[in-house]
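Here chain A shows up in two complexes: once beside chain B, once beside chain C.
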Partner chain A sequence: MSEYAISFRDVSYVYGEGTPFFKKALDHVSFDIKEGIITGIIGHTGSGKSTLLQMMNGLLSPHKGQVLVKGNAIGSKALSKRDAAFQVGLVFQYPEYQLFEETVFKDIAYGPKNKGLGEDEIKERVKEAIRFVGLSEDVLEKSPFELSGGQKRRVAIAGVLAMRPEILVLDEPAAGLDPRGRTEIFGNIYNYQKRTGTTVIIVSHSMEDMARYAEELAVMSDGKLMMHDTVRKVFSQRDLLESIGLDVPGITPVIERLRALGMPIKEDIFTVEEAREELLRLLKGGSTHA
Partner chain B sequence: MAGYISIRNLSFSYKDDQKEQQALKNINLEIEKGSFVAVLGHNGSGKSTLAKLLSAILVPDEGEIVVGGLKVSDPELSEEDLLELHRRVGMVFQNPDNQLVATVVEEDVAFGPENLGIEPKEIRRRVDEALALMGISEYARHAPSKLSGGQKQRVAIAGLMAMLPECMIFDEATAMLDPSGRKEVMATVLKLNKELGITVLHITHNMEEAAMADRVVVIDDGQVLLDGTPEQVFSKVQTLQAVGLDVMQCTELLHELACCGLPFPEGVIDEEQCARLIYEYYMKTVKDKK
Partner chain C sequence: MLKDITLGQYFPGNSLLHRLDPRIKLLATVLLIVIIFLAKNMAGYGVMILLTVFLVALSRIPVKTILKSIKPLIFVVLLTVAMNIFFTGGENVVLDQKIWIIHLRLTAEGILNGVKMALRILLLIVDTGVILTYTTSPIDLTDGIERLLSPLGKIGVPVHSFAMMMSLALRFVPTLIEETDKIIAAQKSRGADFSSGNVISRVKALIPVLIPLLISSFRRADELALAMECRCYHGGKGRTKMKELKLQAKDVAFLLVLALFLAVAFLPGIPCSVFGINTMNFVF
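Right after this comes the complex of A and B.
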């Protein structure tokens, strides 16, 4: 057993080798993703994030190097690609476009059925999955196409949760949703992680969401891993992040400005809640947290 | 005086065999020529329906829409008037991959003016100008499929600019982009509005983007909930949060501090100003204590 959920060992991948569109999607990437926490992956479009994700469950195989799931290389005798696909649940971007069954129940049950589970087990898993994503059992008999965009997204995520993957990987789970929809989806994932202890890996462009929900961050740029550290350490590198087309959470520039003006404020503040507590301490001499 | 876009008593419902769903209820709005108006609302609030009505993709049940003197809401709108409307008002949608038609960037940009029957020499001139304006001249002969999301959106905008529009409607045109793609597109939007005087209607649920506008209109449940300058609208933090929207983190921070009894104003949308207000208050209280 390994204490790491997924390990990349000197992984490289190229698209269009021998054509004018040759592109190094991943360039000697090595790092270990810890078990039982939420790890965020950030990087601009084309930085290699999606290639990285598709390797985590064997959908893509590296041209060089190895990808290990809990210490076993994908494609080795110890871990076939099929087994990797069952262990690592992958939720694509805009997964609602992949719904296809007549009812929500059948759509969520599709994966467990293919796994060869019994009917009762399938029923139990579908109900559990729909609860995890915050929908009521009433929607199970509806057609997925009657639902709103946000609801369809949850059904698609429920389909992956019903497989009870040991590792859950999500590509931009909140893309295109409004602020409340974002908070709900991220809240569901966060609570699911806390309750089940599943390892969760999330790609997102929202630094605010990453600051709030992730523990560690991996930063990609041009196919290379630039940083892999705690959220605090990563967001303290504002210049580096901006130089590769990324950002820091909206509150961070305010805190940096206050420090520059000479206020004795903590520097590692990346959420509004943290900023409020720290400022109340400084301005009122104690928290009045309501 | 009537604005460039004039909406009076506008109502619209989606109907199918079984049910009727009201999307917009008695909307009244005047949008001045040359202004930059952001329309905010959660998913399903009716904001995209409004955009479709403005471009005559949908016809209202009740009320009147006039755009640049053309009565868009008229169900009997002539073919010529419709063509003239689509020349004057350009629309950019969310998914960059759904709105490019050609295999070469400059051909895509030429598509609109070609359909207007403009002579080839003039088309060439307009295409070159539009590409330069969007900063994508160097990709003129590239395949759109090889561009980033932000670049694709700029190609789509260039294609509309080649028709010399008076107004541009952006329907969540940045929702699928990464932070640098968003910045790229927003810089373009500002340029069109401030330098060329094009009337801009920007539909979004990104608060930073809405804060760049001259005026923010918040739509909820098919009705206008708030309408004012960004400062006025973003001072209503509780109202916005109650309808599933959010505010910028600096606005939220001062709001929360004010709720804890500190004398900070609502509706601050500038990070620098936010830091200055906190610092000034800190200096005052520190002095008072001495």
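Right after this comes the complex of A and C.
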């Protein structure tokens, strides 16, 4: 058994070989994603994030290299692609566009049913999943198309959670939602991770969300892995991040400016909560260490 | 997966064929189709093959791409060949045998006919591909069609609406293919299985793909109509074009050369004529 949830071993992937649309999506990518934590993947549009995600559950096969789930290569005898799809639950961007059933219940049950589970088991899982995404059981008998955008998104995520994947992968789970919807979705995912200990991998454009919820970050640029480290270490490389079109969380430059003005505030603050605590500490006269 | 279908897909480039006026290319295609159907004997097909090779070279489209576009139609070609070989009567019997309950009777005429049919279909695919679909962007194509059909507008045919519908349909083909790929990927992630089981369960497995696709098509159509109205689109009346089509010397020259080349082979009075109206057997 491996201590890593997913490992990339020298993975390369190209689109449209031999046509004018040729594009290198992944270029010799190697890294290991730890079990039981939230790992964030950040990168500019077209940096290879989506390709990376679709390799984690066997939808795409690398042209070179290997992808391992808990030590077993996808597509090997030990782990078929279909098994990989059940072990690694992938929630696509705008997953509400994949809803198709007459009722929310049936839609969430689609994955577990494909897994070949019994009816009682499915019922239990659907109820559990709908709770995890913060919806009441009343919606189960409604048509998914009557729901609001945010609710549809939650139902779609529940459809993957109901499969109880060992690893949960989400591509921009909060894209297109209002700030409140964002916080709620991320809060749900965060709590779900804490309660179940599932390995979670999130792609997001929001550095603020990453700073708040992720433990480690992988930074992609032009199909290459630029960095893979703790959130703290990644965000301390502001110049490098800016050189590849990314940024640090919005609060960090504010703190830097305050430091430059002579305020004895501590370095590497990446979330508003951290900043608030530090400022309160300073205001209460805790500035003795400066 | 679905993206690999290349039949009828624009292949960007900058060859002479890419730069020709779409109207000329449409006319040339019609001309070539007629000529292909008029080929009288093997010499006629030989001329067409030479011309096709020349056009392919002119378009600078990789031969591999063209071969790939033929691949999905191989079945149709083979079926046509088989039909012609077995159902054409003739004098020169090559094989006459009774196998079990099937009476096989092959004639030289039948085989020749089969070969001609195969050549005819292949030439049609390659010629229209090279001259039209590979080298003309969908926008140019509908533009050309609209201009060519514009005389019909005078008798009340809504040519502009027709052209607009066509260009919108063409524009959404890649979008829909991409969308289908995405939905298939999403349902596969939920454990959908499209490749095992009997026919009925496979068709059933497609429902989770077709319904979201249908819904998103309606949504797209709705959004597009709204976006067009927001930009004050109200049909073709008084609408000007950013890129006016203008015939240039090279356009006229191309059509003339093509017409001349074919006229020499076609004119019935000329002894070396390899085309004629006397063999009008169609692809079924």
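Methods note: the second predicted complex is superposed on the first by the 285 of 290 C-alpha atoms of A that agree within 3 Å, B and C clash if a C-alpha of one lies under 4 Å from a C-alpha of the other, contacts with A are read in each partner's own complex, and residues count from 1 in each chain.
Everything below uses one rule, namely that a contact is a pair of C-beta atoms (placed from the backbone, for glycine too) under 8 Å apart; a residue touches a chain by one contact, two chains touch by 3 or more.
Quick caveat: nothing in here was measured; it's all calculated off a predicted structure.
Contacts of A:216 after superposition on the shared chain: neither chain B nor chain C is touched. Chain A is touched at more residues by one of its partners, and among chain B and chain C that partner is B. Within the superposed three-chain model, A:178 lies in touch with chain B and out of touch with chain C [touch as defined at top]. Of the two partner chains placed around the shared chain by superposition, chain C is the only one that A:89 touches, whereas chain B remains out of contact.
By the touch criterion defined above, A:282 reaches chain B but does not reach chain C. By the touch criterion defined above, A:251 reaches chain B but does not reach chain C.
Once chain A of one complex is fitted onto chain A of the other, the partner contacts of A:98 are limited to chain C, with no touch recorded for chain B.
Shared contact residues on chain A (touching chain B in one structure, chain C in the other): none found.
Against chain C, in their complex, chain A makes its touches with residues 16, 18-20, 54, 57, 59, 82, 85-86, 89-92, 95, 97-100, 110-111, 114-115, 145, 159-160, 163. The touching residues of chain C, counted against chain A in their complex, run 3, 11-13, 62, 64-65, 182-183, 185-193, 207-208, 211-212, 215-216.
By the touch criterion given at the top, residues 21, 44-46, 148-150, 175-181, 205, 207-208, 245-247, 249-251, 253-254, 257-258, 261, 263, 272, 275-276, 279-280, 282-284, 288, 290 of chain A touch chain B in their complex.
Contacts from chain B toward chain A in the complex involve residues 41-44, 94, 146, 148-150, 172, 175-181, 205, 207-208, 244-246, 248-250, 252-253, 256-257, 259-262, 271-272, 274-275, 278-279, 281-282, 285.
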